[in-house]
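Each of the next two complexes has subunit A plus one more chain, namely subunit B in the first and subunit C in the second.
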Partner chain A sequence: MNFATGDALYIAPILILALAGLLLVLAEAFYTGKDRTALAGLAVAGGVAAAVASIALYRHLDPGQHRYLYGEMLVADRTGYALSALLSVVIALAALVAPAHMRAHDWAIGEYFGILLLAGTGMLMLAHASHLATVFLGVETMSIGVYVMTALRRRSRRGNEAAMKYFLMGAFATGFLLYGMALVYGATGTTSLVAVRERLASGNLALLTVGTFLMVAAFAFKVAAVPFHMWAPDAYEGAPTPVTAFMAAAVKVAAVAAMIRVFGQFLGGEKLPYGTLGWASPMVVLAAITITVGNIAAIRQDNVKRMLAYSSISHGGVLLVGLCAMGLGSPSGQSALVYYLIAYALTTMGAFAVVSYVGSKQNERLGIDDWAGLASKHPAAALAMTVCLLSLGGMPPTGGFFAKWYVFKSAMDAQDQQLLWVTIIGVVNSAVSIFYYLKLVTAMYFKDATGEFTPSRSAGLTFTMALCAVVVLAMGLFPTTWLGFGG
Partner chain B sequence: MPNLSTVFSEVGYAHFLVLGAVLFAIGVGGVLLRRNALIIMMSIELMLNAGNLTILTFARMHGDLGGHSFAMIVMAVAAAEVAVGLAIVVAIFRGRRHVDVDRMNLLKH
Partner chain C sequence: MNPTGGFVLPVILALPLLGALFVMLTPRGEGSIARGVGLVVSTATFVMSLLVLRYFDGKAAGYQLTTDAVWVKSLGIHMKLGIDGISLWLVLLTTFLTPLTLLAATKSIEKHVREFVAAFLVLETGMLGAFVSLDLFVFYVFWEVMLIPMYLLIGIWGGQRRLYASIKFVLYTMVGSLLMLVAIFYLYVQHGQVTGIYTTELTHITETGQTLGLAHLVLPHDAQVWCFAAFALAFAIKIPLFPLHTWLPDAHVEAPTPGSVILAGVLLKLGIYGFIRLAMPLFPHGAAVLAPYIAILAVVGIVYGAVVAFAQDDVKKLVAYSSVSHLGFCAIGLFSLTVSGIEGSIYAMLSHGLTTGGLFLGIGMLYERRHTRRLAEYGGIWKQMPVFSGLYLIIVMGSAGLPGLSGFVGEFLSLFGTFNAGDTFPTNWPHYLPSPRLLAAISTTGVILGAIYLLFMFQKVFFGPLDKAKNGHLPDLSIREKAVFLPLVVLIFVLGFFPRPFLAKMEPSVKAFIADYHEKLAEPDGPARMMNAEGSPDALKAKLEGAAAKLDAAAARLGGNAGGQP
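Up next, the complex of A and B:
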């Protein structure tokens, strides 16, 4: 294995995040000032620098061009850099919203920022992974970081419990992932996914099928697909809100990015006998149950964070539909998925930023009733939340509408009977989901305030809410521009 | 009575693969059946080691060094994961004096 000298340039975003993350961990240890939220500045700078590097590399590559790095460990292509840029932006926003929440709820823990960036390193690796080892390493770097972030508030019993549940389920999934990889490796005799793709036809079919199924189950845990979703609502509710935002937005994007690589690009394609017979059929079923169960459970919630958690589970189901479409050879599947991920991540980030904003000192105001009358007191925050909720519900003219439109359209393009059914289920569920999103909107606009709002203000929060709302609207108004980023 | 060297020469790849599969099954069973967080973590470690054993066996079968290096990465990652997991278990134990996952029900709808 010999490495081309230019390879390090192509992983610049990953290196920037890793370096900034290590610096932050050191800075935390040697920091003598009182206000540890000051470290947020460096974290935001790291995230923005990684985003800029990703965009520069995106422009440097031609559409459709790809380059394997470090002996097929990673692949550099436009899709990867689009997702890297998205993830870096989400990381920067997660650092930006944290200080206000930390001050309001007394958990100014400097490690948050360092671990945020190190977990982000794993996520960027997943966006570029083309080797079983980098997929495993990426998943674990991301997950271990997020377990720590969930558990950061050590004295919070709910936080501990959330972390414990998340950790046990996540580590259990890792076991499946590794054993699945072992079987795929056994069938093909190579750990490089590029070589796995070439040897699929000649590999042992039984080992390949069982191995792929185990990997589907493992990734289903990571994207919180039903029936592997039980950890998600608890972890989302128990974690501090900025961590929840990061988990809901970035972890899901990174997990789906890894699935795009593993299943869509390397184990997919309609020519493979088990590409159509193997993982796609169970994934279609997973998608259908995930969309439905996520929605039905969301209707019953009266806690905003839990409601958004179930909504995010349901969105995971739609993403699985896109993955099936891609695996079954739909030409538009990949760009639709990337569009969906951009819309979903920014919408979720915006929604949780508002949740974080509404919470006052020592009182998080998470019940839907606590949001009554927000529009009359804080119209801008209510408007940002409304835009995000409409986008989550898939209403025009927001990014969420076109995201669902493109994914379901790509599912239709695949010309497959099973995808037709799951699309119908998905569309019906989108209509149902409007109900619980509008429940919150109604509370904000048409009910009288029960108590005084004392929101945790900060410039970072305001910026995040505004940015997310504006981008989500821009995605809805100029959808084709954004669709092009999928490469 | 057969001497030691013939006994070992009869142990082939299949034995290691079956051992790996059995260990994995025991690990999954442990996670699903036991309620003590520490035992669950031990079961998860069993699953990871089963995966590693299988990877190493296949690496020998295929004569491929990639599998060996992958197994090294997995061991490092598993150690990091256990460190975080134990820290979470300790934090839980300090607050509640038990690590029974069935009694962790503050977060319920």
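Up next, the complex of A and C:
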């Protein structure tokens, strides 16, 4: 391998996050002040700096241009930097919303911020991965960080159970991933995805098929696709709300970013060379089941966090549809996915920020009934939540609507019978999802308040809610600006 | 075509929306300020919409007052607006009913007035947008945007079972419209793959015979049937056709008076309008296959709605079922595919908007005085409220289709059209289905039944002894209420006595619509392709070759890329 010195410049966002993360770990050890939430500032600065660096690099590259770094370990292109910027912003927001929640629920643990940025390092790596080794490294760096974050509230039973479940399931997924990678290596004799692509046609079909199927299963764990979703509702409910927001928004974006690289670009992108047994066939089925089960399970929830967890599962299904479309050669697949990820991540972040805001001291107010009458007491928060819920439900004029339109349109564009069916299933499911999203809107607007709200206020929280709601609306009204990020 | 006047449509779309934003800036709890702003804005919108008449050329078919702005360039989505003889009167109906309804809502809406006015104005923009948009995507956006304010209207200001009714309303409408979305995707992708141009702009995909030289997309016949079915489901739920009507009585009963007025007055019309503007021109073969069944459902709805209305004790429910019955006339007239049938259908929509709007407004005024909607609680009201009773009688008669009032013209024309449809309408009318003449005959019983239940209702409320103590001291109409009723009553008379000017403006568009439909129906089955309006083989061949070249270029581009991923 030849190590070009200029390559370090291209991984600046990753380096910034890693450095800031290490610095935070040190700072937390030597910091003597009582209020650990003060560390949030540094974490936010790290996230913002990484985002700025990503955007600068994004502008530095031309559309369509790409450059392999450190051999073929990482790839620098516009799509990668768009996703890096998105992930960095989500990381910064996750640091921004945390202090209020920490103060209200007594879990001011300084490690949160360091782990947040270090997990983020893995995520950014996934957005740029072009080698099975970097994919694995990224997945593990991200996952181990998130396991720890889930368990941060040491005295919470639910938190411990959730983290344990998440960790065990995740370990399985890692096994699948490694085994799949080994088989792909066996079939093609290389771990560089660039070289794997060149040797697809000549590789052993059976090994390749089993290998890619196993990798699909491993990533299905990470995006919480049914039937690999069991950990998600518990982990989402058990983790502190800022961590849940981070898991729902960033982990899903990073996992899908890795899938865009591995499946969309290197193992797909045209009609699959290995015929109908390609990975898209199981993925289409997973997508259809995921969308349906996620939505139907969400209807029955009366805990807001669990409802959003199932909703996020069903959104994972839609993302899988987009991946299949991309893998089967739909020209707009990739840009649809990137747009969807931006809309989904910011919407989810906004929704969880409101959840965090509504919870009062020692009482998280997670039941849907606890939200009754929010609109009359705190109209701005209710409005922000409504915008986010409508976007999640795919109602115009929000970013979520346009994202769904674009993903399903790209699925139809792939001219594939299976995708037509999964599109119909997905679209019909949108109607189902409206039911449970509106359940919350109904509680906020149509019912009378049962008690006083004492929200956990902080400037960071307010900023996050406002930013997410405004961007989600802007994405729906002026989609052109945001469409270009997908390349 | 008149090039001037393109500004009118964007302005009448923007005015209510800006008004809604402005209303939200007025101080909280100051209901009268919000009401005032709402009235001024909606009246200004109405006045602006009258400008449409000034610029509209009544002798021309095709879209007029068009404006076109690119919304999403990479996806070919255009903010294209335009109006023709079919949508013209529906737009005016919307802008006319909105200020009246806001004026009438002064008493019935007392909490969250500011939010009410804002929701109402957003609703107006949604409805107008759906009527004037000439882009499938934009149409769909407006179509869905309408749902949210209506959901809020029912849910916040509604009656006892408002939660149930509001969710039911949204879910029914969503399920239907989402399948339409799939059909839009299909159409969009097919058009993109045949021509190489991805666009949702309606005039690109289908051109009427008036704009010769431009081509339209022809889909395989079975695909047309599926797509038409998907669109038809969305529109049939909105109309609503039997047996998809069950959301309507709930929504009407629970909605506050202004919500009911707009729901019956305008929203339901969007279903019929969707058939005319989108489903039938886009998928004519699908329409030909499914039209008989829709026509039969419409007739069932006419009779069923009338019979069920007769059995109601709740006045609002009675009028809600009468809507099911009346909209059936619009549907059957439309599917007769004769000039008089379609004109009758549109005319019946206008009349229904005025009369049923008036019926609901009247019920609202009674409700404000007595706080009940049960027929059994009333009786002898005429003695207490003679002015109200007289005006209400005219509206009831207009709804029942008394000659000389608005309802008669539309129902007569659509039945006349259906009766004469025998030869033209069902090109493949299955022999085991009742003939159009029989359908028209059955529908006519709906007119009689309509007269029966409406007069029965009127008699129970206004005549008879004044034997309930609570009915003893009802004040007659205030000046504000008279101001609400008078324009309605005048228009009901005008539409009844002078249908000609209204029909004349529709006629070129309706004729073009029918000619276009029959032209397209003659096209042979085959894979998705472009046809020019005359269907000349040479032009077609050139078009196809052009498309093929574009496809080849696209394929080459893709093939070249494939190796170099990412």
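The rule we apply is simple: the second predicted complex is superposed on the first by the 481 of 487 C-alpha atoms of A that agree within 3 Å, B and C clash if a C-alpha of one lies under 4 Å from a C-alpha of the other, contacts with A are read in each partner's own complex, and residues count from 1 in each chain.
Keep in mind that, in the parts below, a contact is a pair of C-beta atoms (placed from the backbone, for glycine too) under 8 Å apart; a residue touches a chain by one contact, two chains touch by 3 or more.
Being a predicted model, the structure only gives us computed values, none of them experimental.
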Partner chain(s) touched by A:M181 [first = subunit B, second = subunit C, both, neither]: first
Touching partner for A:V251 - first (subunit B), second (subunit C), both, neither: neither
Subunit B versus subunit C as contact partner of A:V472, first or second or both or neither: neither
Partner chain in contact with A:F136 - subunit B first, subunit C second, else both or neither: first
Touching partner for A:A95 - first (subunit B), second (subunit C), both, neither: neither
Subunit B versus subunit C as contact partner of A:V262, first or second or both or neither: neither
Subunit B versus subunit C as contact partner of A:R158, first or second or both or neither: first
Complex contacts: residues of subunit C adjacent to subunit A: 71-75, 137, 140-141, 144-145, 147-148, 151-152, 155-156, 162-163, 166-167, 170-171, 174-175, 178-179, 181-182, 185-186, 188-189, 192-193, 558, 562, 565-566
Subunit B residues touching subunit A - in the complex, by the definition given at the top: 17, 20, 24, 27-28, 31, 37, 40-41, 44, 47-48, 50-52, 54-55, 57-59, 61-62, 64, 66-67, 69-70, 73-74, 77, 80-81, 84-85, 87-89, 91-92, 95-96, 101, 104, 106-107, 109
Of subunit A, residues touching subunit B in the complex: 132-133, 136-137, 140, 143-144, 147-148, 151, 154-155, 157-158, 160-165, 167-168, 171-172, 174-176, 178-179, 181-183, 185-186, 189-192, 233-234, 237-238, 297, 300-301, 303, 306
Contacting residues of subunit A [partner subunit C, same complex]: 66, 75, 77, 79, 130, 197, 261, 265-266, 269-270, 329, 331, 390, 395-397, 401, 405-406, 408-409, 412-413, 415, 420, 423-424, 427-428, 430-431, 434-435, 438-439, 442, 445-446, 479-480, 483-484
